[in-house]
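Two complexes, one shared chain (subunit A), two partners (subunit B, subunit C).
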Partner chain A sequence: MNNFAVPILGIQGIMPELLLSLAAVLILLLEMTAGDREGHGALSLSVAGLILAFIATFGADGKQVFSSLLVNDNLSALLDRVFLMAAFLVTLVSRPYLANYGLAKGEFFVLLLLATVGMMVMGAAMDFITMFLGLEMLSLSLYVLAGFFKKDVLSGEAAFKYFILGAFATGFLVFGMAFVFGALGTTNFAAMAHTLSAGSPPFPSVPTLLFGLALILAGLGFKISLVPFHTWVPDVYTGAPTPVTALIATGSKAAGFAALVRIFMITFPGSFQFWGAAFWWLALLTMIVGNLFALVQVEIKRMFAYSSVANGGYLAMAFLSHSDVGIKALLFYLFAYTFMTVGVFGVVSLAGRRERLLISEYAGLSRENPFLAAVMSLFLLSLAGMPGTAGFFGKFYLFAGAVRSGYLGLALVGILTTILSFYYYLRVIVYMYMRESEMPREALELAGSGRTALVLAAAGVLILGCFPNLIWISIEQVF
Partner chain B sequence: MITLSHYLFLSMILFALGVTGLMVRRNAIILLMSVELMLNAANLAVVAFARFRPAPASADNGMVLVFMVMAVAAAEVAIGLAILLNLYRQRRTVNADELNVLKG
Partner chain C sequence: MSDSGPLLTLITFLPLLGMCAILFIPSRQKEWIKIVSLIFTLPSLVLGIKMLIEFDPQVGYQFIEKAPWIPAFNIHYYMGVDGLSVPMVFLTVLLCPICVLASWGIEDRIKGYCAMFLLLETGMLGVFCALDLFLFYVFWELMLLPMYFLIGIWGGPRKEYAAIKFFLYTLFGSVFLLLAVIAIWLATSPHSFDMTQLNEQLLQSGVGATFRNLCFLAMYVAFAVKIPAFPFHTWLPDAHVEAPTAISVILAGILLKMGTYGILRVSYPIFPDSAKWFAPVMVMIALINIVYGSLCAMAQTDLKKLVAYSSIAHMGYVMLGMASFTPAAMNGAVFQMFNHGTITAMLFLLVGVIYDRAHHRDIDGFGGLAAQTPIYAGITSLAFFAALGLPGLSGFISEALVFLGAFPTWPIITILSTSGIVLTAGYMLWTFQRIFLGPLNEKYRTLPEINARELVTLVPLAIIVLFLGIYPAPMLNIFDHAVRELLNRIL
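Showing the complex of A and B:
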C-alpha cells in the first residue's frame, strides 16, 4: 500500500493564488446577497485580495508543491508580482471607466481576479497539466471580459475573434504537448530535463520532440502575439473594453512569456540549436512588422495594439541570450512594460467618454486635462525608450544581452525600429500639446481610483528609470 | 497489427481536418466543432503514446492531461456558445465572414 501515501500538498505554496480566488468568491457572494450595484464593495475586495496576494508572494521558498505540479521559486514569485501589479492597476482604472458606461458590476472584477490566478498558475507551472489549466483559466476569463459590453457590436466581435483564434492556438499547444509527452514519457518539466540529461533518447525519435516543441511555440506565439501569429491583436485590442485591453497586453503577454521561459530556457536549453533560429526570425519579424504597422494607424487603440506587438519582439530577443542574462533582462522589461502599457491604456480609458478615439482627437488634451496629458507623455516617452524612464533600461538590458550573445544584427534592427517608433509615440505628444482641438471632447471626470492608478504607474516608470537597481536586486536573486 | 504510427496517423488526419475546418468553414458553430476536433486529435495522440511506451517507463500523468483537456474543452465550448449567442442577438447572424466591423 505504500504507493498510496498521502501526498504532501503544501497549501502555503499556493497562498497568493488561494487569496485571490477567495476574494473572487467573496465578491460573487457579495454581489448576490448585498446587491452591490455601484461596484464599490467589489473594488475594495479586489484591491484587498491583490495586496494580500502581493504580500504572500514574498513567502517563496523554492519548493515544488502538489506532486511537483507547481513550483514556488523566486522566478514565479517575481512573475506573480508582475501579474498582480498589472491586475491592481487595471482594477483601479476599471472602476471609473465602467461607471461611465453604467456597467460597474462585480463579475467584471471576479473575472479579472480569476484571469490573474490563471496567469500565476502559468508562471508557477512545472507540468504541462498545470500550464494548460492556468492558460485556459486566463484565456476563458479574458474571452468573456473582451465581450463584456454586451450591447456593443465591436466588443462582441472582438470576443468572438479572440475566442476562435485563442481556441485555435490552444489546439496547436495541446497537440504539441502530446508529442513532447510522447517523446519523453512525462508531462513534468523537471522529469523531462532529467530524462534528456540522463542520455535516454526521445521515443520514438528526436523529430517527435522537435515537432512537439515547434507546435508549442506556435501555440504560445499566438498568446504573446509574435508575428506571424499576431493577426488577432489589432481587432481584439480595439474592440475589447480598454482596461481589458490593458490586461491582455500586459498580464496575459507576460504569462505567455513565463511559459516560454519555463519550457524553452529552463527545460530544454540543450536544444537551443533547434529553437534558437525560430526565435531569431520571430523576434526580427515581430519588431519590424509591429513598428511599421503602428506607424500608419489613425486610431489610438490600434496604434498601441501594434506597439504592443513590437514590444513582444523586443522581449523575444531575450531568448537568444540563452543564459540567466536573458531571463533577467526579460523580467526587467516585463516590469517596465507593465507599468508603461497599463499607463497608456489607462489614459486611453479615461480620456474620453467615447470608446475608440482617433489620435487626432487627442489634440488639445494638455489644456483640458493637464494631468492626463502629462502622464501620457511620460508613458509614451518610456515606450519610446527615453533615458530616465523605465523603457530605456528595459531596452538597454535586452539589446545588451543580444549583443553579448553575438546577435549584433538583431540588436541593430531593434535599435533602428526603436528609433522608428519615436515617430508614432511623439506624434501623440505633438497632438496633445501643440494642436488645438477642433471639437470639444467630453472628458471623464477623473475619479479617485483612476488617478491613483495613473500616479502609481507613472511613479513605477520613473523609479525603474532612475533607480533600476531597486528591482534589479530581486531579479538577481532568481538564480 | 495496429501500431503507434497508425494511431498517430489518424490523430494527424483529425488535427488537419480541424485546422482545415477552421480555415475554410464560415459558420461559427462549425468553427467550434473544428476546435473540438483539434483537441481530440491531441488526446488521441497522448493516449496512443502512453499505451505504446516501452516498459519500464510509466506514463500515467499523460492520462491525467487527457482528462484535463476534456474538462477544459467542455468549459471552452460553454463560453464559446455564450459569446456566439450574444453575437447572434446583436447581428442575427453567426457567419464569420459578416463579422467585419473591425478591419481585420
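Showing the complex of A and C:
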C-alpha cells in the first residue's frame, strides 16, 4: 500500500486521441439538443476535430505515456496522420452520400471518429492490452457502421459477416497474445524485446512463443485481409455503405499494418528467420489471388474489394525488407494508398447511386460528370502504378526494398501482377470514356464537401507522384 | 554551364501549365479551349528555336539542369540536350502547334482532348531532355497514357481495339525497360541512374558481357515496339487508322522516333559492346522493315494505312543507318529521324484534309482530283516526292547518307535495301496517279479546295523539307559532333 506510485499520465501524449473523442461527444450532445437533421453540424464538428487532431500530431516527443502503455513517437505520429487523413476524406464524402439516402445522422460521424481513435490507439500501442483496446474500439465502431443502412439486407449481411468473422479473428489474436505472455511473462513490447535481447529464454526453445506469434499473425491478417484470411472482404466491402468501405479499406487496414509493424518488425526483429517465411507466402498468395479475382469481377465494389486485397499483398512485402527500409516503404505506400483508395470509393459513393452497380454501368460517366470521371481515372491509374502518380513511387519503394533484401522473385511477381492489374483498372476507364450509356442519364450534380474530398485526394495523389520527397523527408525521421 | 535559365524545364513543362489552365475553362467554351492550348504550345516553340540558335554543336551536353529528386535512390531531375536530342526537341515543339491547328475540327469533349494533348507534349519533350535513366523512364511511361486516351476516345470506329493494342504492346516493352533500368541500378555501386556516367560505372563494377547483352536486349524490346521494328510493328497500322489526324501526326512524327532515339541515347552509350554484338540482328530487322513495310504499303487500299506502312519502311532506313557504325550512316539515320518526322507529318495532315472532305480514305475511290483541287494536289506531290526520296528534297539526303555509309559495313544488305527505294517510288506514284490523275470522279465535282488553316499547318513543314533538301548543312552540323562521339565510344 505504501509503495503505490502515482502513474505518469502524460495527457499531452494522447492529445490527438483526446481531441477526436471530445469532438465525438460534442456531436452526440448536439444531436440530442439541437436536432441536427442534415448532418451539417456533425460534419463541421468532425472536420474541426480531425484538423485539430492532425495539428496535435506534430507534438510527438518520443515519450512513453500511461505507464508505457502508449508511445508518442514519430512512427505513431505519422500513422496518426494516415488515419486522420483517411477519416477526414471519408467524413467529407459521407455527408452528401448519407444525405442522398436521408440518413445524415450525427451518430454516423461519432462512430467514424471513435473508429479513428481506435486506429490511433493501435498505432501508438506499446502493450498488448492497449493494442487490443484500440482494435476493439475500431472494430466495434466499424461493425455498426457496416450495418448503418438498417433496412438494407446487404448492409445487414455485411455487418453480420464482419462481426462473426471479426470476432473469430479477435479470438485468435487474444489467444496468441496469451501465449506470448505465457512465454515471456509480460505484455509490454519494450519489456519483451528486452527479455529476448537479454538471451533468456533462448528463442527457438520456446514453441509457445512461436505459436502465439502465428496466432497473432492470423488474427491481424484478418484485419488487413491477407489471403487466406480475406474471404470476408468482397461481401463486407460490397454491402457496407461505400464511405464505410473506404474507411475499412484504408484506415482500418493501415491500423492492422501498424500493429504488425510494432509487433514483428520492432519487437521481434531478431526472430525474422521464423516469421519471414510466413510473410513471404502471405504476400505472394495475396498478390496473386487478389489480382486474379479482381480481374474477373463485374461489380465495381467487388473489384475494388479484391484490388484492396491485392494491395495488402504489396504492403506485406515490406516486412521482408529487414530493418527500416521496409517500414519506410510501407509508410509511404500507406499514404499513397489512402489517397487513391478513399478517392475511388469516394467517386463510387458519389456517382449517383451506382455503388452496387456493374462496371459496365459506369458507361458514359465522362459525359454526366466529367470531373468525377477524370478524378476516378487518376485514382485508377495511381492504383495501377502509373508514373506521375503516388501509386508509382509507392510500388517503386516497396519493390526496390524487396529487391535490395534479396527477394527478387517476389518483386517480379509484384511487377507481373501489377501489369495484370492494369487490365481491370483500365476497364473502368474504358467504360467511363469510350462506351456510351445505354439509357441516357442526366448530368450529375456533386455536393460541395464531396467535391472537396475528391480534389484533396487527387492533389495528394499528384503531389506524392511528382514530389515524393516531400513526405519521404518526414518518413526518414521515424528512425 | 548555360546562362539561359531553366530553358529545358520551361520548354518541357509550359505545355503542362497549359493543361492546368485548360482545366479551369468551362467546357462550353470550345473555341477558347483550342485557342488557349494553341497559345500554350507556342512558348515552347519559341524557346525551342532559341535553343537551336544558342546550341553549340562542338560541346556535349548543354543547358544542363540537375537537382536531387529522390535522394534515397540517388535519382536526379537531370535535364540536358546534346546534338542527338536537339533536332528531336525542335521537331516536337514544331509539330505540336501544327497538331493543335489540325485538331480544330474536333468538337466532342475538346477540353479533355486538349488537356491530354498538352500532357503528351510534356511527356515527349521530357523523354528527349532527360539524362537520368529513371526520369527518362517516368517520362516514357507518362507519354503512353495520353496517347492511349487520344486514340481510344477520339479515334475511329475500332478505336477501342486500336487503343488497347497500342497500350499493351507499349506496356509490354516498358516492362522490359523497367527491368533493365532496375538491373543497371543494382549493378552499379554506388547505385546510379546517371545516363552520362553509367557506361563507366558499369565497367568499374565489372559486370559480365552476358549481363550487358541481356540488358541491351531488354531495352531493345522496349524501343523496338516504339520504332516499330519487325515483329513488334502490328500495332502501328491499327493505331494510325483509328487515331484522329493530329494524333497520327504525333504518333508517326515523334513517337516512332523515341524508339530509335532511345537506342541512340540509352542503349548505345551504356552498352557499346552489346551494340556491336547486336548489330547483325538489327540490320536484318532493318532490311525486313524496309522491304516488308514497302510491300505491305503497296498492297493497301486505305490511304492512311499506306502511309502507316511507309513509316515502318522509313524507320527501317534509320535502323540500317544505326547498325552500320560509320559517320555517314549514323548521321543519315539521325537526319532521317528528323526528315521522316516532317515528311510523314505532312502525309498524315494531307490524308486528314481529304478525309475531312470525302469522309473516306479509299485510294481507288477518288480520281482526277488534281483538276478540282490543284493546290492540294501540288502540296501532296511535294510530300509524296519527299517520301520517295526525290533529290532536292530532304528525304533524299538522309537516305543517300544511310546507304552510302551502310554499304562498307553491310554491302549485301544495303544492296537489298535499295529495293525499298524502288518499291516506295512505285506505291507513292501509283497512289498519286489513282487519286489525282485521270478523269475527275463525278462525286467530287464540288470538293472544296484546301483551306487557309490547313495550309498554315502544311507550309512550314514544306519549307523545311525543301530547305533541308537543298542545304542540309545547318541540320547536319548540329548532330555531327554528337554522332562521332557516340561512334568513338562504340568503335
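The working rule: the second predicted complex is superposed on the first by the 466 of 479 C-alpha atoms of A that agree within 3 Å, B and C clash if a C-alpha of one lies under 4 Å from a C-alpha of the other, contacts with A are read in each partner's own complex, and residues count from 1 in each chain.
The criterion applied here is as follows: a contact is a pair of C-beta atoms (placed from the backbone, for glycine too) under 8 Å apart; a residue touches a chain by one contact, two chains touch by 3 or more.
Bear in mind the structure is a predicted one, so any value in this text is a computation, not a measurement.
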Three-chain arrangement built on subunit A, subunit B and subunit C clash or fit: fit
First (subunit B), second (subunit C), both or neither touched by A:G326: neither
First, second, both or neither for A:W472, with subunit B first and subunit C second: second
Which of subunit B and subunit C A:N188 touches, first, second, both or neither: first
Which of subunit B and subunit C A:G391 touches, first, second, both or neither: neither
Spatial angle subunit C-subunit A-subunit B, Cα centroids [nearest 10 degrees]: 150
Subunit B versus subunit C as contact partner of A:M434, first or second or both or neither: second
Which of subunit B and subunit C A:E157 touches, first, second, both or neither: first
Touch count on subunit A, higher of subunit B and subunit C: B
Touching partner for A:P370 - first (subunit B), second (subunit C), both, neither: second
Contacts of A:I129 with subunit B and subunit C, given as first, second, both or neither: first
Where subunit B and subunit C come nearest after superposition, their Cα distance in Å: 31
Touching residues (chain side subunit A, partner subunit B) in the complex: 127-129, 132-133, 136, 140, 143-144, 147, 150-151, 153-154, 156-161, 163-164, 167-168, 170-172, 174-175, 177-179, 181-182, 185-188, 203-204, 231, 234-235, 238-239
Residue numbers on subunit B that touch subunit A, as the complex places them: 4, 11, 15, 18-19, 22, 28, 31-32, 35, 38-39, 41-43, 45-46, 48-50, 53-54, 57, 59, 61-62, 64-65, 68-69, 72, 75-76, 79-80, 82-84, 86-87, 90-91, 96, 99, 101-104
Touch list for subunit C against partner subunit A, complex: 27, 68-73, 109, 111-112, 137-139, 141-142, 145, 149, 152-153, 159-160, 163-164, 167, 171, 175, 178-179, 182, 186
Residues on subunit A engaged by subunit C in the complex (per definition of touch): 366-367, 370, 374, 381, 386-388, 392-393, 400, 403, 415, 419, 422, 426, 430, 433-434, 468-469, 472, 476
